[in-house]
Structure formats: C-alpha cells, structure tokens
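Please read through the structure below; I'll follow up with questions.
Think of it as A, B, C and D in the order they're written, each chain with its own count starting at 1.
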Amino acid sequence: MNQWLLVAFFIFVGLLIPVGAIGVAWFLGPKKPNPIKQTTYECGLETVGDSWVQFKAQYYIFALVFLVFDVETVFLFPWAVKLGQLGLFAVIEGIVFISILVIGLVYTWRKGMLEWA
Amino acid sequence: MTSAQIIFIIVAFFTLGSGVMVVGTGNLIHAALWLVSTLFGVAVMYALLNANFLAVIQVVVYIGAIAILFIFAVMLTRKEIRDQGPQLNKGWWLSALLAVLVFSGLAAMLWGWEGMSRTAAEFPSGFDSMSELGTALISPNAYVLPFEVASVLLLAALIGAVYIAFNRK
Amino acid sequence: MVPLSWYLIFSAALFSVGLFGVLARRNAVAILLGVELMLNAVNVNLAAFWRYLDPVKMGGQVFAVIVFAVAAAEVAVGLALVISVYRQRNTVVADEIDMLKW
Amino acid sequence: MNFWTDPLKLAADWLVGLLVGWGVAQGIAVGIAAFLGILLLIALLMVVDVLLVWVERKVVARFQDRLGPNRLGPWGLIQPFADIIKLLIKEDITPANADRVVYNLAPILSMMSVLILWAVVPLAPSMLGVDLNIGVLYLIAAGAIGTLSIIMAGWSSNNKYALLGAFRQVAVLVSFEIPMVAVLLIPTIFAGSMGMNAIIQAQDIWYVVLSPLGAIIFIIAAIAELGRAPFDMGEAESELVSGYNVEYSGMKFGMFYAGELLHAFTFGGFWGILFFGGYRFFGLEQISPFLSIPILLTKAMIGYWIIMWVKYTMMRIRIDHMLAFNWKFLTPLAFVLLMVTALMNALLQRASPWLYAAGMLLSNIVVGWVILEIMRRFSRGERARVEDAYQARMETARH
C-alpha cells in the first residue's frame, strides 16, 4: 500500500476530530447572537477603523530572509543523507554551500536588515 | 477505472478548481489562501508520483514560506485590503481566449504523441529515491554544479530583494 | 495505473489557468500568484516525466528541485519590487506602473 | 507472533481476516484496518491531551506555589473533563466582521497540524504510522500548516490585536524554523537517513552525547515553534490581550489550546526520538511494545516537563530581542555546528564508535566554548558601553 495513503488517513482523521468537536459544541451550545456580542473585541472600546491595516516592512524582510534560508537548508537534506558514503569531497561541497548561505546572512546583518527598527 | 485513477481525478479537479479561484477571486488574501490549496493539491500529485521529497518540500517551501511571503506582501501593499474597482483588465476576455488556445494547443499536441498512454515504470528493488537524489545532487559527475549555483542564485535573490524592498530614504 | 497523459493534461490546464491570471489580473501581486501556478505546472511535468520515463535517473527530480529554488528567488525579488513600487507610487496596479514609458 | 511481541499486527491480521471472511476485498480490508488503527491512535492522543491539561495546570500551580485543581476527583483529575463539558456547551460566537470560512477553518487546521505529526512517530520498532523516508522534513511540513493556521486565525478575526499577534507570531515561527531545520540535519547526518525509525535504530549511542549543542538548539527552536513562553509573542496576554486567538471562544478556542499542549508534548517526543534514542532504553524495547511505548511516552513527558519548566521560569522576551537572538546567535551557531559536524563526520568515518562519539562530543564542546567566549566578550563590551554612556550622562548632569 502506498505510504501516502496512510498519511492521507492521518490528515482525514486529524480533520475529523476537530470538526467533530466543534460540530458537537455548535450543536450543544446556545445560539443567541446579538449585535453587541458580535462586535470586535477591543478592550471595551468601540473599534476604530479597519483592522486590516498596513503593516511595517520589517515583517516582510524577516519572511524574505526566512524564505531564502528555508529553501537552501531544505536542499541540504539529500546531501546530509548521503554524507556518510561520499567522503570529503561531499563535505567540502556542503561547506561551500553553507558558507554561501552564511554570506547572505552576514550581508543582511551588515546592512542592518535584521534590526527591528 | 482503478482507485488510483479516481484519486487522481478528484485531486486534479480540486487543484484546478483552487487554481481558478486564485485567478478569479477578488480578495487577495483569499487568492493567496486558494493558492495554498492549489499548492497542496500539487503536493498530493507528487505523492501520487512517488516523489516523496518533492511532495514534502512543496509543503515546506511553498506553503510554509512562499504563501506566507505572499500574505505578508498583500498586507504590506494595501491601505484598504478589499479591492476597489475591477480586478481584471479590460481585455480579460482576450487573455481567457489565449489561455484556452494554449491549453487546446497543448492538448492537441499531446494527443498525437505516442508516449500518451505510457504507464509508470516499476522501481527496481531496494530503490530509495531519497538516497539516489542525494547522490545525484552531490556526486561530481552528476548535478553538483546546479546544486551550488542554486545557492548562489538564492544569495543573489536575497541581496537583491533586501536591497530593493528596504532602501531607506 | 494512471497514464502519463493525465498528468500532462493536468499540468497543461494548470499552466493555462496561471497564464490567464498573469495576463488578466491588474494587481501585480496577483500576477505573481499566476506565475506561481505556471511554475507548479512545469514542476508537475518534470516529476511526471521522471516517474514515467526512467525513475532510476534522478534528472527530473533534480530539475524540479532547481525550479523550486528559481521559484523562491522569483517570488522574493518580485514581491520586493512590488513593495518598493508601492512605497514610491502608492499603487500595485500593473497598468499604472509606467515610469519607464517616457 | 503473539500478543506480547506484536499486538498491533495480531489485531490487524485478525480484523483483516474477519473482513475478508465477510467478503470484503483484501486491499480494502487492509485499508479499513489501517484506518481504524489510526483512529484509535488519535483518539488515545486526545485522551492524553486531556490529561495534559491537568498536568499543565497542576505543574504551573506548583511552580507558582499554589495547589492547582484539587476539588474534582482525586488530585483534581476530573477537572479537565469538566472543562471539556464547559467548552462544549458554551455559545459559539463568530464576530460579525470576521471572515467566516477562514475563521472557522483556522482552529481545525491548527489541531490537524499537530495530530498529523504522529504519523511519523515510532512507538515501537514495529509500530509506527508511516515510515516515510523523509520523516524529518515531514515535521517541518506539518509545522508549515500550523503557521498558516495562525495567520488565518489572525487575519480572519478582523481584530487589530489578533492580526498583530498573528504577524508577530509568524515572524517568530518562521525565524526559528531556520535553526530548527539546520539542527535536524545533524541526526540525519549521523544516521544517514531521514526516516524516524532509522534514526532511532542508529542510536546505539544517544545523539545527545554526540551533539549536546544540537539538542539544546533543537529544544530552544522547538519552544519558539510552539509559541510558548518565553517566545509566546503571538498570545502575549499583557500586550496583545490574547494575540491571534482573542476572538475565539468555546470549542474553537479549545482547539487552539489543546493543540498547543499536544504540540508541546509531541515536540518533547521528537526531542526524545532525535536525541535520546526514542523508544530505545538498554534493550528493553526488544522485549515488547508494551515496554517501548511507555519508554517513549516517558521521554516525551520529560521533554514536555522541560518545556513547561522553561515556560514558567522565564519571562517573555521582547520581539526585537527574540528575533535578534535567533538571527544573530542561534542561526549562525546552528550553521557552524552543522559544518563542524559534517567535517568531523568525514574525518572520523573509519574510527571506532567510541572514538567517533568522543570526537563529536569534543568538537561540540569546543564550538560551545568558543561561542560562550564570544558571548562573554560581547556582553562585557555592551556593559562597558552602557556604563560609559551612563557615566557621561551623570557627568553632564552634574555640570
């Protein structure tokens, strides 16, 4: 049997349990909606303006740096699996790869992108 | 029709439906979330093709990083998140026509090809795609150069993107 | 067993959907979403050819992995450009970004 | 093959035989048996989860010099069940401005991202959901879905606190994923495989001995991934009232809460699997799954206890410090450690296992010592800078 079928079962059951729990709660709980109850919570004040506001660019920078690093480290997994059998050449290769990664990190650091300014 | 075919058809329609929603929906956050579901469908495709590594990095890289980046970018480029005005160009029907033409052209081309009904080759016994991929990526007479160049490409992308997005005035 | 053609047709359809998105959407971020769909369609093709032609040769998977890297780079730079333009011009509508026309 | 050595296979064979006897096709019967097994596993996990609520409350009470729940049942053991009943009969409020579909999907995905982790957890040598050859990456993939659920919850609530909490939480989560992935490469290098079972089988010497720094970095990154204190930026009560789940109530909130606890327990388990030999304990696991499952769960519980210990001892770190700590300390350290490990692995390839372990341990100690030395110098410099600035300010104030 394909392994992924079992993963699909896990995902299905993993969805089933929370859906079931929330469904039972929805079935059992009282349903008396009113406009005051359904307002957005803002520490007792009435909410001002839209909350889907614009965010600071810093979040994007962190996500960006993360994206690049994530892709590169994920690529290292096939390398790590075969490392034992391939000897010193593979190690040097991987070290070059990681060093290029670290250069990127040093560059962003030097440019002050990693500051939460 | 076998069970594999039924699963394929369900996944394919799910993925394509989500893809249509990506290009069709007005709210960009919704579009990004539909993109996530499309990407997940593609990951299932990889799983159906026994490409374990691709299936997992599809989820890790695309859903875990690229989709998040899209959502962040949408939040950053908005004063009011709900789009005003039309989402599509004036000549959108031309684009639709072109897309349909491309699809029918590709389909027609595939129709005449003799490899169409080819079925998957069996894996040799003891075949571990993960370890083969490791060998292919790092052994000197295989794909070591693309592997290293990919890291240089990503370094360039990082430097370029950081420079562009964050040029403080 | 699913024949190869199904995967190819599927990926052609996904590619066309992405193409429509790239051509028809006005918002630059949405255009990049369309590009992502197209890249994914390409990757499905590569994986399918790897599986159906000669699974012992890992070329198809390696190619797909490189496409992942390219996609990541493309998104990083593309979205950075969009954000940069937004900060200067206050718009993300592709038609209104026309600084280089003059 | 008897009940004592392999109960699961026995039960599965019996069930398949029964179903085939009823005229069900072989493949479908196996599928049904697998499905029921998974259902059983996850149902048991939910029971564990309920008990974790009790453990958590009891332990935090002790940390804070209180008694914790002690009214209902012996030692308050019935308390979590009462909590569940309360959550079940509470009104399910959806804010009027929320994006309904996304809002309701987020807690479900959050719980799912935790439950599917157990697909790759080996409970015993012959007892695990799926022995994927990419098991380690599966961990990261499930985490990606969890990250997505947080951003969905924050955005769809249409609440400023929720959105801010979600954004901060996601920034922290993605940042700490880098050292996490880098450190996950270390057991992969040692074992030469990404499968969880293979990693456990290869641990004749626990990997915590080979790479203590790796184990420490993993648990720090794991705490951040879990969004627990000191990295609980997303739900900082005092700043953001409750962060991304502020608008959630009733069972939907319960899903986030239960998901968080089970996630912590699961990561305790992964810590045990990757660095402390998983179900292995002096050959006891060979005797019976009835011994190996308690061994694994005990290790998971110890990991969970350490996570709780950190949570109730440390105060919350400011977000800029948190990100600086990750990008300027943890990530470079993880990469350096990775490079050193790869190099040592190649050099000690032909050495005996004990020499290999000693060399690895030594290299870890050297890296740790160097990093501590750098930290010490840096902090002394910082202190001198701050004190000089203070002195200078005092001087100007005097004049």
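Note that in this section contacts are C-beta pairs under 8 Å (C-beta built on N, C-alpha and C of every residue); 3 or more make two chains touch, one makes a residue touch a chain.
Please read all numbers here as calculations on a predicted model, not as lab measurements.
Enquirer: Please work out which of B-C and B-D is bridged by more C-beta pairs in contact, and write that pair.
Expert: Between B-D and B-C, contacts are more numerous in B-C.
Enquirer: So how far apart, in whole Å, are subunit B and subunit C when each is placed at the average of its C-alpha atoms?
Expert: Comparing mean C-alpha positions, subunit C is 6 Å from subunit B.
Enquirer: Counting only Cα atoms for the centres, state how far subunit B is from subunit D in Å.
Expert: 28
Enquirer: Taking the mean of the C-alpha atoms as each chain's centre, how many Å separate subunit C from subunit D?
Expert: Roughly 33 Å, centre to centre.
Enquirer: Could you state the distance in Å from the CA-based centre of subunit A to that of subunit B?
Expert: 17
Enquirer: Two or more other chains in contact with one residue: find those residues in subunit D.
Expert: 132, 134, 137, 140, 155, 167, 170, 174, 177, 193-194
Enquirer: Give me the residues of subunit A that touch two or more other chains.
Expert: 3-4, 7, 52, 55, 57, 59-60, 63-68, 70-71, 74-75, 77, 80-82, 90, 94, 101, 108
Enquirer: Could you list the positions in subunit B whose residues touch two or more of the other chains?
Expert: Only 48, 50, 52-53, 57, 60-61, 64-66, 68-69, 72-73, 75-77, 129-130, 133, 135-137, 147, 150, 154, 157-158, 161-162, 165 qualify.
Enquirer: Name the graph shape formed by the protein chains and their touching pairs; answer line, ring, star, complete or other.
Expert: Its topology fits none of the listed shapes; call it other.
Enquirer: Give the list of subunit C residues in touch with subunit A in this complex.
Expert: Per the touch definition, subunit C meets subunit A at residues 65, 68-69, 72-73, 75-76, 79-80, 83, 87.
Enquirer: In the complex formed with subunit B, which residues of subunit D make contact?
Expert: Against subunit B, the touching part of subunit D is residues 102, 132-134, 137-138, 140-141, 143-145, 147-148, 151-152, 155, 167, 170, 174, 177, 193-194.
Enquirer: What does subunit B use to touch subunit D in their complex?
Expert: Listed in rising order, the residues are 29-30, 33, 36, 52-53, 56-57, 59-60, 63-65, 67-68, 71-72, 75, 128-130.
Enquirer: Hey, which residues of subunit D end up touching subunit A in the complex?
Expert: Within the complex, subunit D touches subunit A at residues 27, 30-31, 34-35, 38-39, 42-43, 46, 87-97, 104, 107-108, 110-116, 118-119, 129-132, 134, 136-137, 140, 155, 157-163, 167, 170-171, 174-175, 177-178, 181-182, 185, 188-189, 192-194, 241, 246-247, 250-252, 254-255, 319-320, 323-324, 327-328, 331-332, 335, 338-339, 342-343, 345-346, 349.
Enquirer: What residues on subunit B touch subunit A, complex-wise?
Expert: Against subunit A, subunit B makes touches at 44, 47-48, 50, 52-53, 55, 57, 60-61, 64-66, 68-69, 72-73, 75-82, 130-131, 133-140, 144, 147-148, 150-152, 154-155, 157-159, 161-163, 165-166.
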